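Some structures to go through are shown next.
Next come two complexes built around subunit A: one with subunit B, the other with subunit C.
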Partner chain A sequence: MLYKKKWPLLVFLVPGFVMMLVFLYLPFINNIRGSLYDMTSVVQMPGQEFKFIGLENYKNLFIDPKIRIAIINSFKMMGLTIVFQIGTALLLAILVDSIKHGQQFFRIVYFFPIVISATAIGLIFKLFYNYNGGMLNQLLEHFGKEPINWLAPSIAFVMISIPTLWSYVGFYFVILLTGINGISDEMYEAAAIDGCSKFKQVFYITLPLLRGVICTCVTLGVTGALKVFDLPWAIVPKGAPQGVTHFLGTYMYEQTFTISNFDYGSTIALLIVIFGVVVSWIVSRIIRPDKNLEYGGAE
Partner chain B sequence: MKRKLSIGYVIIYLVLILWAITTIFPFVWVINNSFKPSREVVNSSFSLPKEFTLANYENAFEKQNILTSYYNSMVISGSVTISVMILSSMMAFAMTRYNFKGKSIINSLIISSLMFPAFSTIIPVFKMMTDFNLLNKAISVILPQIAGNLSFATLVMMGFLRGIPLEMEEAAYMEGAGVGSVFVRIITPLLRPALATVAIFCFLWSYNDLFTQLIMIRRRVKYPISALLIEISSKYGKDFGLMAAAVTLIIVPVLLVYVFLQKNIIKGLTAGAIKG
Partner chain C sequence: MSNMKKVLVMLLSIVLVFSFFTACGKEGTPAGNKVDTKDKDNKKTDDKDVTDKQNPVTLITVSMYGGTDPNAENYQRHNAEFMADYSYVTIEDDSQSADQDWKTKIAADFAVGNEPDVIQYFTDANASDVLAADKFVSIDEIKAEYPDYAGDILASALKAASNPDGVSRAVPTTGYWEGLFCNKDLFDKFNLELPTDWDKMLTAIDTFKANNIVPIAVSLNNVPHYWVEFLMLSAAGPDGYSVVPTQAPADWAKGLDMFKTLRDLGAFPVDTDTIDNDLAGELFKNKEAAMQLDGSWYAGGIPDQDNTVLVSFPVIPGGKAQAGAMVGGISSGFYITKKAWNDPDKRDAAVKFVMAHTSKEAITDYWGGNGQAAAAVDPLSTMTPLGVSGLEYSSAATSISSPTDARISQEAYNTLIAGIVDVSTGAKSSTDLLNEVLAINAK
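Our next item is the complex of A and B:
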């Protein structure tokens, strides 16, 4: 009865929807359009026409050697995210769930790096990696070893991946731990009575029942890997050294806002979205989050 | 049997504590080093300060004007947070209490916008801000950040509102209350836990979002805090003491807020991630 009259709907829905329309949906469409034109500047002067170049930018994606590095790095980061970030988080969540004292402490502490800005974490690692008197080289010196250039082209990608992966482990840890807490104790007790060891319980109870939550984590993880920007940018801006640490996000920023190649930047931005949609579709195909529902299992 | 079990527990605790050290050590290290002169950071970054100094902080406050950036960040993130709280609770109210044509379209639009990373909208938004001469103004960061956070916030609110039965609202209606007063007097107070979650996350995301800040704000006096950090790092990257102090100043307030509010944060995170 209360909600029969429809006019208040306009008042409640329209302001927020207009915000999203103006600053999300329309820009998204304009971005696609922009990728088809040769935009020499961001503002169109009166009388100036941008030339329609069709799919020229998209062809460029196949030729540009730097975008290849960025794509490969972003996909490597996805793989590393699944294995190390979510893997570590899963291990930690199972371990924390099995202890009695200090659960709360670990929960709070593991979450620290997520609330801290990636920029600040990036700068801390920049101090760690510095050649002259950085934390790591001080350690080496202490043990009488030669200092290492931690950001040399051959190892730069690994050194940037480490903080990127490390900083978000706590995020998936908390999600997975909540999922594990939701599994009823009776199930474990029944298994224990049947002589199932703690170790086996993980494989036969915890992991199968976590399917949906793990799928959420993997989807968030791989799409998150495509959005990596702040941390690499804070440690080594512009994909230095020699562009080997470029990710799709940093390369898009460099092309757009330092080289002013706006149309190519739009193309890369669209590529990021396409990759995100395709990869999350593949993830849901492989993990099949609702598989348990098919034979009436738990949620 | 019993002894074996306790060895297992020791190993578990060792692993957990080891990881905890990795998440605590970097922050302790940087805070500790912010009280040393740079040459001491370079030589002995592990020991406690031998010459305790506040010079790095004086430098950060006086020469680098970190307070101005704090102020800029508070204006931006405060406005984003409040606007998102208001707009998302209104949208969620409309989406969960009304039936209307096109509801499912709007619903899928809200969900699909979670897939738009900032990259895919920033160039046209940048163009818009340039056209309207808003670059370097706080509003140029505030507006896209509101839009970017709105869909997540609305989904959290919708999940929360669906769980609230309609009876109270119906009763209020019988007493003669209109939709407006139902929303303000009944819905908003009930939404408080969800609002807290949304507020914390919006604030953190906005405060920490370097990408939008770098693009929209190019004048140093207007820099929010993350952009200022990048600036300090590129200009004074060799001054380790100053870097440590600047990083400390950006992380300590966040850590304090987090430790006080961590219950809300973690609860909200799981609600948002699993339902969204």
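Our next item is the complex of A and C:
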């Protein structure tokens, strides 16, 4: 026992716990409660009673075509996040790590989009995609081409995904680069002496030793994909065009704050949490971040 | 020598304390003097005398004259004048454009007891959440103590601004109308007649479409509200439009079906599903679009006041409305909350604040020739040709109907608006959408 007196620990733990309780867990429980009532306003006015509707909102989840689109898009975004966001970040991190000069420069360049707010990036891309006078159509017109509706239903999801994925590559890039920097140079030197090429070093040294970091990135990526909201909403709100760009976050926001269907919005919020927990658990089971440690322990 | 020092220090301290008192005592005097010399109105001078005797009051106010609202500047100017006239009052104002997020915030503030002292807010079904909290003072109660309250307001305007339960709580400033704005120069350029009937509307759509002009500037994803109102009014007539049925009326459905007809004709912008309402408005203002359906508040922001005209919405084929049927009304006003009324210091300040913003002079400013004025204002000599066109349009209206959101719940109305893109593409039938909306309203 390092400390005989335990009460000082409580002094440090209780404020944090109280904050979490008041601002996270109680609202979360209230949110679940709200999903079981027909909420006619966002908050219950004094003397106002909400009608109990039980699981009606949960049944609606199975027949609502737009929530289906939102779920599919969110899962598509998870896949795209892993492949393009974390994949690109990993590639960039490995490349930047292998250069001798200018590492700091590339760190700044790739990390820069993270410091720009998603709303600003959304606005920039909204102006790029604008049909009348947007940057892309101005370029097309300059080359004598007809303007394109860049947010037409057939391509809107791709056009929304591009800035959503691009804007967060730098975040994972920095995490992965830090992870790579933590790998001892002696391992690479020993491998090089044994005749291992740079390409093979990536597969046999870098990637296995980055397993834990990659797992963290994948967990953050897939749970982050479930919470995608600000950037798509800034470019095209309400899942426009025709609801094809809805994500769980945007659909929850539309139901709650645009349509004022507060109870259904609460239901979708709970669904997002459930998906987040389940997906994180599945990812940790598949990737097994501590697999290397298990082997190390066996040896 | 030491005693001398002590006496000197005490003397200086006393002088310092007195100088503080003198400075504090002079607070507000410049304003008072200013009024004595400049203001010839005796009543105001009396108010000034009272001003110096009042306790300092901080008035929390909220209005819809914020953001990009054309009246934001007028509102702030009247606030500044009010604070100059009543130097003991400090206004903490949080005005914003009235959108759904703002309404939700206001409802939350009222629910948790964080309501302002004075608020300019909706008077119709849009205010149902806030009215449920029962935190407003009725005009009758205020008039019992302040007989001049709402004195400049027309009786008809006061009645139009009464709440759904028939009680008048809000003092209105202006009303509005909605109408079809047309770029007359574009119609002249292509030898087209203004769309006073549906055939002329279809001819105009075809011609503009063929000449790469957007016939109708509208964002179906953002603000299709005006089209929803006029198409349903045109199809059902004022009587059928003003009822709140439980099943989708065939007339309403017929009106909404016109969205698909117009879309298929190519009447809307290519990006009508994604464009913002503001950007759609820019198409109209930049002469890239020929027509736009909007409210009276839109007129002030149109740069070409000479070549833009208001036209009565043409009756759709088989529609029951008469030519000249118009959507409009008075749907907002200044409320005083019970919180301010029950505070002895704030009561008088709140009443004076509302009276300052609802005087004939203030209403003339807010009206500015657009929409309806809640007081008997004098015609403006500075009215533009578009202003005159708007006045003629609204004066010639054969019927004035308030929009649907004044009669049905917010959730129901928002569901209606959210479903318009699907109706326009044919992904959802108008009857299904209306039944869904009316079922929500009946909850």
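What we mean here is this: the second predicted complex is superposed on the first by the 274 of 299 C-alpha atoms of A that agree within 3 Å, B and C clash if a C-alpha of one lies under 4 Å from a C-alpha of the other, contacts with A are read in each partner's own complex, and residues count from 1 in each chain.
Note that in this section a residue touches a chain if its C-beta (ideal position, glycine included) is under 8 Å from a C-beta of that chain, and two chains touch if they have at least 3 such contacts.
From a predicted model like this one, the values you see are computed outputs, not experimental measurements.
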item	value
Which superposed partner A:F257 touches (first subunit B, second subunit C, both, neither)	both
Which superposed partner A:A240 touches (first subunit B, second subunit C, both, neither)	second
Which of subunit B and subunit C A:N30 touches, first, second, both or neither	first
Touching partner for A:P153 - first (subunit B), second (subunit C), both, neither	second
First (subunit B), second (subunit C), both or neither touched by A:N132	both
Touched partner set for A:V43, first subunit B, second subunit C, both or neither	both
Partner chain(s) touched by A:V115 [first = subunit B, second = subunit C, both, neither]	first
Which of subunit B and subunit C A:D97 touches, first, second, both or neither	neither
Contacts of A:E56 with subunit B and subunit C, given as first, second, both or neither	neither
Subunit A: partner with more touched residues, subunit B or subunit C	B
Common interface positions of subunit A, toward subunit B and toward subunit C	42-43, 130, 132, 237, 257
Residue numbers on subunit A that touch subunit C, as the complex places them	38, 40-48, 51, 130-132, 149, 151, 153, 156, 236-238, 240-243, 254, 257-261
Touching residues (chain side subunit C, partner subunit A) in the complex	100-101, 104, 107-108, 110-112, 129, 132-134, 221-222, 269-271, 273-275, 279, 282-283, 288, 409-411, 414-415, 418, 421-422, 425, 427, 443
Footprint of subunit B on subunit A - complex, ascending	1-3, 5-6, 8-9, 11-13, 15-17, 19-20, 22-28, 30-31, 34, 42-43, 88, 91-92, 95-96, 98-99, 102, 105-113, 115-121, 123-128, 130, 132-133, 135, 138, 166, 169-171, 174-175, 178-179, 213, 216, 220, 223, 226-227, 229-230, 233-234, 237, 248-249, 252-253, 256-257, 262, 265-266, 268-270, 272-273, 276-277, 280
Complex interface listing, subunit B residues touching subunit A	9, 12-13, 15-16, 19-20, 22-24, 26-27, 29-30, 33, 41-46, 87-88, 90-91, 93-95, 97-100, 106, 109-110, 113, 115-128, 130-131, 143-144, 146-148, 150-151, 154, 166, 169-170, 172-173, 179-180, 182-183, 204, 207-211, 214-215, 226, 229-230, 233-234, 237, 240, 243-244, 246-247, 250-251, 254-255, 258-259, 262, 265-266, 269-270, 273-274
